[in-house]
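Quick one: this structure, given as structure tokens, is what I'll be asking you about.
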């Protein structure tokens, strides 16, 4: 049974790069289903890709192969990885993209991809998405295991991603991403906020000087154009402006702080 | 036999929202085929989505499940619907999105989706695309019926969409949408225009003061850069500029009038 | 066995044009797999589409049906083609789109599509992507042959695409396309450059007055922000700026010359 393959890249969709990856997958695993996560990761922004991927994996069936290619080091000595994380597999460059996934499951096997085992027709030095990662994902979707694709690696590169700063007095979260609607996604997960704030304990949330009020269930809990804080669909604290663009209205950008205190 | 599912949203493609919907569909109906209609509906523009969807359904096989999520009321008390329209099914919020489809077939059954019957792993208050509409569509694609997904609803919310104003003297059509090429799509359907104008009867069409001439077969019937009126691929009167952007050249926007008189 | 169909258009993704093509394919060949090459070809830019398609076909399995619709002449007398090129098939307007593919294989059969054999439900004069090309591709994917879809045509329209200018003294290549990352793709293929330059012979490459140095293996062979020339993933000379946008940094646009001399 061929499983599902997802693709996350910074390739954009104006060229045929993504299509060529899918062509290569179809040559090796014609039965595999391919789903695009996004191809509009800001160019070479590994941290953004890492968060987008980690927040999406829960929606997918078991045994999905997640391919992420944001790869400023293509052509250098950086390794290419295939990693078995139990419920799913990861394929991508060894540049930290996998970091937040490492919290979600134990690494069962991490292989450094060996091009000789991928038998591509040709291999460019600039497009490993097509020539290395797509074939590796296709072999995994067909049932091969990471052990079949390369030698074990003991150490995986990780990133220092923003972490909320939690003291007894207050929590400081940081804006990780701003989504298509202008909503601010933070590094503060529900399971870190709720024990601190106690369920239903009144909180006071401030975003760059704008008081947002307490924690709501959804943006529909405030009036039009009002700011609102809630736990978003990926389990993180988010700040939005109802039917508006919070990033612009509140003047916040990636990395900026959101402060939470008990009332 | 799993059928086809189409997706129409205002989610954009830079985040992973659409990918997560497809992941959820694959968990429930792995054999279903998913086709993107568009994810670039202007944010929260229910009327634009309603027209885009209605004009696309004829191209699809029988039993297709059309999912449309432009949903400014997510998190409020607005209902979520699964509607059997005979040749196809609709899944989406009860906010008027379905309006023009109601003319294309009788409603056989309209269900208010009952989250308890969708058994999602978790359910956010802000992303019903993934947590309500995608599972509902997947169950329908697998062969479940709207009756399996919720109680019957007697009343569906409808929108007041623009309608052409037809008198004995003249027809006034309105610009509904401007497409990627700058062509103006109007609210005047061929079956309303032709009885009025009589087939091949000479007409004089005016767009905001610019005389467009009569009704042509296609834009290739006029010289380069000239304006032209014709029945477009969705059966509506359209105004284009041959190899140009009619919206910009003629200075027209959504809602503007196109006037048609007999010569 | 239904084969793969690829789509390359200038339709954009904000309307439902591409979705409607896929709906029509699913009606005729429900088992066919459809892959998007790109829908962001600059409007009516036949030359760009021709090059994008030709550079992508090698990534796909045998028997793929490649559909390309950049079609300023839709509605005129221009023919619609289905062409058997041996390893794959081409479907699209007879306007030169196929030109660079003609070098990659002998034309076994070229059919002028006969709408009567495509039996579409209806046929617009403005959207042959849905009403002519998608059905033709679906029939081919199902196993029909171009001979089943129309009469043989003896002559196919071709384009004059830029060619490198090669003398004993120097090679002048031209920028064909600028990709999503700003890399400049030229009309000079590896198999024309290497015999001239001799493998590993030192070259001096100039881009609009900026000396680029010799031919490298990949952009990782120069420092950050430095320009670099290498053979790209489609077998063509490319000029990039490492982790920068070569088009903007070097001030080059389509058609501009890159000069190569022996040191």
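We call the chains A, B and C, going by the order they appear; numbering starts again at 1 in every chain.
Everything that follows uses one rule, which is that contacts are C-beta pairs under 8 Å (C-beta built on N, C-alpha and C of every residue); 3 or more make two chains touch, one makes a residue touch a chain.
Keep in mind that this is a model prediction, so the values were computed, not measured.
> Regarding the chain A and chain C pair, does the interface count as same (over half of residue numbers shared) or different (under half shared)?
Counting shared over all numbers used gives less than one half: different.
> Could you say what rotation angle superposes chain A on its sequence twin chain B, using C-alpha positions and rounding to the nearest 5°?
120
> Mind checking the centre-to-centre distance between chain A and chain C? Centres are C-alpha means, answer in whole Å.
32
> Could you check chain C for residues that touch two or more other chains and list them?
As it turns out, chain C has residues touching two or more other chains at 13.
> Quick one: in the complex, what on chain A touches chain C?
11-24, 26-27, 30, 43-44, 72-76, 121, 124-127, 130-131
> Along chain B, where are the residues that touch chain C in the complex?
4, 6, 8, 13, 33, 35-40, 52-53, 55-56, 58-61, 64, 179-181, 217-221, 230-233, 238, 243
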